[in-house]
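Both complexes shown next keep chain A, but they swap its partner, so chain B is in the first and chain C is in the second.
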Partner chain A sequence: MTSTTPVSALGRQKRRGSTTAARSGMWAGILFVLPMLVLFVIFRFVPSLGAIGMSLTDYKLSGDYSVVWFDNYTRMLADDVFLGALTTTLVYAAIYVPLVVVVSMVTALVLNRLVWGTGFFRGALFLPYVTSFVLAAVIWLWIFASDGLVNGLLTEAGVDPYPFLTGNQAQVLTSLAVVSAWRGFGYSMLILLAGLKNIPEDLLESATLDGANATQRFFRIVLPLLRPVVFFVLVIETIAAFQVFDTIYVMTGGGPSRASYSLVYALYDQGFKFFDFGYAAAIGVAIFLLVFVISLIQRRFLDRSNT
Partner chain B sequence: MTATLTRPGTETNGAPATARRRRRNRIRPGTILVASLLAFGTIVPFLAVFILALSPEGARTIPFQLPDEWTFDNLIAVLTARNFLRWTLNTTIYSIVSVVLVLITAAMAGYAFAKKRFPGREIMFWSFLATLMVPTQATIIPLFVLVARLEGIDTFWGLIVPTLANSQAVFLMRQFIMGLPDELFEAAKIDGAREWSIFWRIVLPLTTPILATLGIFVFLWHWNDFLWPLIIAQTDEMRTLTVGLASLNQEAVSQARLMAAAAITVIPCLVVFAVLQRYIVNSVAASGIKG
Partner chain C sequence: MRTRTTATIAVGAAAALALTACSSGDDSAEGGSSEITLWMYPVIADEDASRDYWEAFETDFEAEHSDIDLSIELLPWADREEKIGTAIAAGTGPDLVLLVPDLARNFYDTGGLKPIDGAIDDPGVYFEGALAGGTFDGEIYGLPIYQTANATAYNTALFEDAGITELPQTWDEILDAAPALAENGVSVLDYSGSAETTLNISFYPLLWQAGGSVFTEDGSDIAFDGPEGVEALQFLLDLQEAGGLPADAATKTTAVEGGPLGLGTAAMSYGMSGATIDQLEAAVGEENVTVGAPLTGAVQASFGTPGIIGLTTINEDEEAALEVARALAAPEAQSAMFEAAGWFPSREDAEITIDDDATQALFDSLAVSNPGEAAPGARQVMSILATHIQSALQGQATAEEAIADAAAEARDAISRL
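After this line comes the complex of A and B, so read on.
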């Protein structure tokens, strides 16, 4: 069977003399990949190029457009609403990423120490991850409302209600980050837990015998060994932070007075409220570039700290 | 998005092993207490949804307490109001049809990438993977315009088909099928089986474990999806449950009604999770699959 010979740059000659079986294998391969290829070309590649193309036009709902080159991008740099959304998203990421990484690390460490009920606790802690952000937002609206669970208890205790979703930007973004972290930490928790399980226990035990306490063991042994996994988690959670939308849409609508107006929210507004598709597409390209640059920086950092 | 997490395991050596085992098997009450508190934080909000959904409208819910009487009125009111059943049907169609189509097309593509040789195979595979770098929001405007031009707004195909190009699914299928021995497929070919029947009779049955994992995650991903259905469903009848729940929230229905709607939305996820919990949790650790 020629179909088992490995392909190489020099393998072409061999293939020219291939049997009909191999050639029919080639056609089968093309036919099998075809449905997915068509889907990718139409719904991934075309829109990706389309985003760039559209961002250079003033594409309107009607389909009329003229090429405006970089007008959308220069407009963006002078647009207080966009720049505000950029700052808001960066502040949100600065709150959300450390929060979710710490929560997933703590829960992973707790699960790793458990010797009894592991399956139950792992499942219980992962539970929010299988539900939607919209559901999480609806639940936490009730918890955070001015007459909601927490404030109800505070009032009962004679303490002033806390403005979870009506306060200043830091307060509102923290509340939203808590909701996203509650819904989302389960994934990172499991990834970190898998990393913890791979740390040889002998290493930790000899450290204990040498007199290292739990904190020292964590910072001197566990964290350095876990570094690649931690950075993987950092990258995916940062990307998640830049995509925040669902919770904001349900809980604050971008408010109060744009305190939680994120980049994706700005894109949604420009596209589906003002139908300014050209500008919205440009915001989409900006989101892509931001996520791309940040993951490159993190990857570079990861490589360096790996050596 | 797969993390390779394997590292050499622990070697056990003679003498201190029993002492270590004793230490390891010691039940740690402090850890269990902390774990219970954390689990309390993830479970109680769901319990609250069900308790509020079963409480009479306007019942005193703050501070949190059980109602004096239980009622199904809210659930019935939600289910019979407006298009709620239709939203449930839409979400079911969106999730189930997507699962079936993603599994078939991804298994076909994964089989081709793993076991067939054809021109452009490598570049095609890597360009599929490259789309993982592009957040869906970045291309959602041109995608919407494209679907609108093809008259897919407010249709099931417009909702479903653009979500099928799933690079994670193709990647996982390819990795899995690459691990299957070539002899299996060649033996079938010698027996005269056509490619299509090799796919149905050999590839699909052998890939059941990875198909199940993928199926669960694709299901949850679609059931919980929000932004895409939000922009594609422009009429009330075409909404999915997440979009419907968000709209009920905006319409300021009573807390009890909203929680009843929330409870109905989340039940399928909870059932899937209750039945397949161990399986879902293990596949995240094993394959890095992200819902």
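After this line comes the complex of A and C, so read on.
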């Protein structure tokens, strides 16, 4: 005598089995994510909430405070130094972001075409990214100083020294953007390189057969296909631009005449020089909101480009 | 691999627990002794000498006070304000810390300091100015343990090369000497306008020499926007136009070594301490350096400030901390500090012997020294004014515009305190 099992029952068993496996997988996933999640909550989320709370107070060194609600924010809107720092940061971002994206794109394109030594060059070009920001700034300070390497060579050549770090805002911010771009382009380069590797080679070959030159292939095929990656790079580099501090701190101290006085520098001064923790926290929240809005705009672009 | 990782974590956790256990064991073994931490800075410029001096102080103090475990941490001058503030805010900072009056005022205003008058047995033995530097709203928050002095140092060889036989001692004489030195590629005066240079040694002495002050007498308002402030800044701009300042005066630091003074491209400076005079002598030759009195504009003035010990609000054993402060301010300790660092005592009963001209010139300058103006918001005002002085030195504003802009911004900052 043979026993048979209805097909529908087999299906139920299979579904039950897959549901159990899915649940098991889900719990495993949660367990894997949990340590990072706990650390994130403790070291990022809770302090962020604390900063928002602090921005509504006049918190002092002694720990005494009173709630001032939105006084720090109204003060910020009327504070010329804050508004100047905002303008400086926007100008810096306008110089830095295109610069780093173009440099990253060019180096990624070159690396993508290399037939030998790719690993070596990729590693070499990524090296500045793993270099300490402060160390890089100290080296570039020596290069850009009034009596530094570049100006020494210019003087030898009979050319007047260039005020890399002592000139007007455009000169100083450009110099700082060059340093930051040198230090930071490696990461974006790798992301763009990964995007380039995903572009089907046969598309480019077909375009070549159809008579498209290199410029046309780049602008008509590569760039449109790379658009989501480029936008991602744009947003992370914009965030980096809004967070610039180390390079400025080491190289110009926010000067001369506040030519490089960024938002994070203003936060640092208010918090750690003048101990106005409430106002410093409010500036921090403002930076967060700015970056958040930019990220939302980026997200909209990304969504549209994916559909 | 997984086993090794687990083992590593386990060993790490065990080590952490073990260290914690050791730490608590040490505490109990000492039978309730008080731990006092003092943050000290390179007041003794030579690193080895500084370490030896403070180790000896710590050992001697603990030998006399077996119930107090003193820990002296030597830190660099750089970012002192930020580090102290952050540490106090985090509740992990020092019990006692070395400050200067305007810095102490900042910590006093923001609730970081407690009164330290309990460490002063007889206020009459202290020089009036030294004690006044750390006195805010009638209470003493800074115990003076030494007194700094600044004088004018000249590179006489550069003046001789330019055919100048009389060393300039007044603003007019400096302006007169500028063109001849400039022809030799030398700026007559060194000036440091970088953001990290305190105006106490750069612009404020000029302001005081012009007869002005940073704040009004009661400290409730700024006063640098009077004609004296404009005059002081105009003096710098006139010098700059005559080639009398280093090309990067707006942004350069005070460094002697590698700077215009050390390289022989600047001929004099009015903000020279014993340590920087030593550096200048090492760089250009002792025989080429002469130390003179503070400069004279409308009046003669210089910066010289007491080094004061502040008691932070995170201190939990005030008696023990005051005992350490008393030892730091004792006449013997101040005499020893003079021998080691060249700083003068802040009290009359500390004995010192001066046996060289440079030290004598520094000592004489104390008669016209200003300890700095420790009014509410002094550090904010300094930061604001420094920015606008940079603007003027970069040709972005006239003296009048820079001072007026700084005054408006400073008043706004003070109004929010």
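Operating definition for what follows: the second predicted complex is superposed on the first by the 262 of 307 C-alpha atoms of A that agree within 3 Å, B and C clash if a C-alpha of one lies under 4 Å from a C-alpha of the other, contacts with A are read in each partner's own complex, and residues count from 1 in each chain.
Here, a contact is a pair of C-beta atoms (placed from the backbone, for glycine too) under 8 Å apart; a residue touches a chain by one contact, two chains touch by 3 or more.
Since we're looking at a predicted model, the values are computed, not measured.
Asks: Please tell me which partner, chain B or chain C, touches more residues of chain A.
Replies: When the residues of chain A touched by each partner are counted, B comes out ahead.
Asks: Between chain B and chain C, whom does A:R122 touch in the aligned arrangement: first, second, both, or neither?
Replies: The answer is first: A:R122 touches chain B but not chain C.
Asks: Is A:A194 touching anything from chain B or chain C once the two structures are fitted on A? First, second, both or neither.
Replies: Only chain B is touched by A:A194; chain C is not.
Asks: Is A:D80 touching the first partner chain B, the second partner chain C, both, or neither of them?
Replies: Only chain C is touched by A:D80; chain B is not.
Asks: Regarding the shared-chain residue A:G29, is it in contact with chain B (first), chain C (second), both, or neither?
Replies: So A:G29 only meets chain B here.
Asks: Quick one: classify A:L149 as touching chain B (first), chain C (second), both or neither.
Replies: Only chain B; A:L149 stays clear of chain C.
Asks: Kindly classify A:A214 by the partners it touches after superposition: chain B alone (first), chain C alone (second), both, or neither?
Replies: After superposition on chain A, A:A214 lies in contact with neither partner.
Asks: With the two structures laid over each other on chain A, which partner does A:F277 touch: chain B (first), chain C (second), both, or neither?
Replies: After superposition on chain A, A:F277 lies in contact with both partners, chain B and chain C.
Asks: Mind sorting out which residues of chain A both chain B and chain C touch, each in its own complex?
Replies: Comparing the two interfaces on chain A, one with chain B and one with chain C, the shared residues are 63, 268, 272, 277.
Asks: For chain A, which residues count as touching chain C in their complex?
Replies: Chain A residues touching chain C: 60-64, 75, 80-81, 146, 165-166, 252-258, 268-269, 272-275, 277.
Asks: Quick one: which bits of chain B touch chain A in the complex? Just the residue numbers, please.
Replies: On the chain B side, the touching residues are 1, 3, 5-11, 13, 16, 20, 24-28, 31-32, 34-36, 38-39, 41-43, 45-46, 48-49, 52, 62-64, 105-106, 108-109, 111-113, 115-119, 121, 124, 127-128, 131, 133-135, 137-146, 149, 161-162, 164-165, 167, 170, 182, 186, 189, 195, 199, 220, 223-227, 230-231, 242-243, 245-246, 249, 255, 258-259, 262, 265-266, 269-270, 272-273, 277-278, 280-281, 284-285, 288, 290-291.
Asks: State the interface residues of chain A toward chain B in the complex, per the touch definition above.
Replies: 1, 3-4, 7, 21-22, 24-33, 35-37, 39-40, 42-48, 50-51, 53-54, 59, 63, 107, 110-111, 113-117, 119-135, 137-143, 147-149, 152-153, 156, 182, 187, 190-191, 193-195, 198-202, 205, 228-229, 232, 236, 239, 242-243, 245-246, 249-250, 264, 267-268, 271-272, 277, 280-281, 284-285, 287-288, 291-292, 295
Asks: Would you tell me which residues of chain C are touching chain A in their complex?
Replies: 81-82, 85-86, 88-89, 106-107, 110-112, 193-196, 247-248, 250-252, 313, 379-380, 383, 387-388, 390-391, 394, 396, 409, 416
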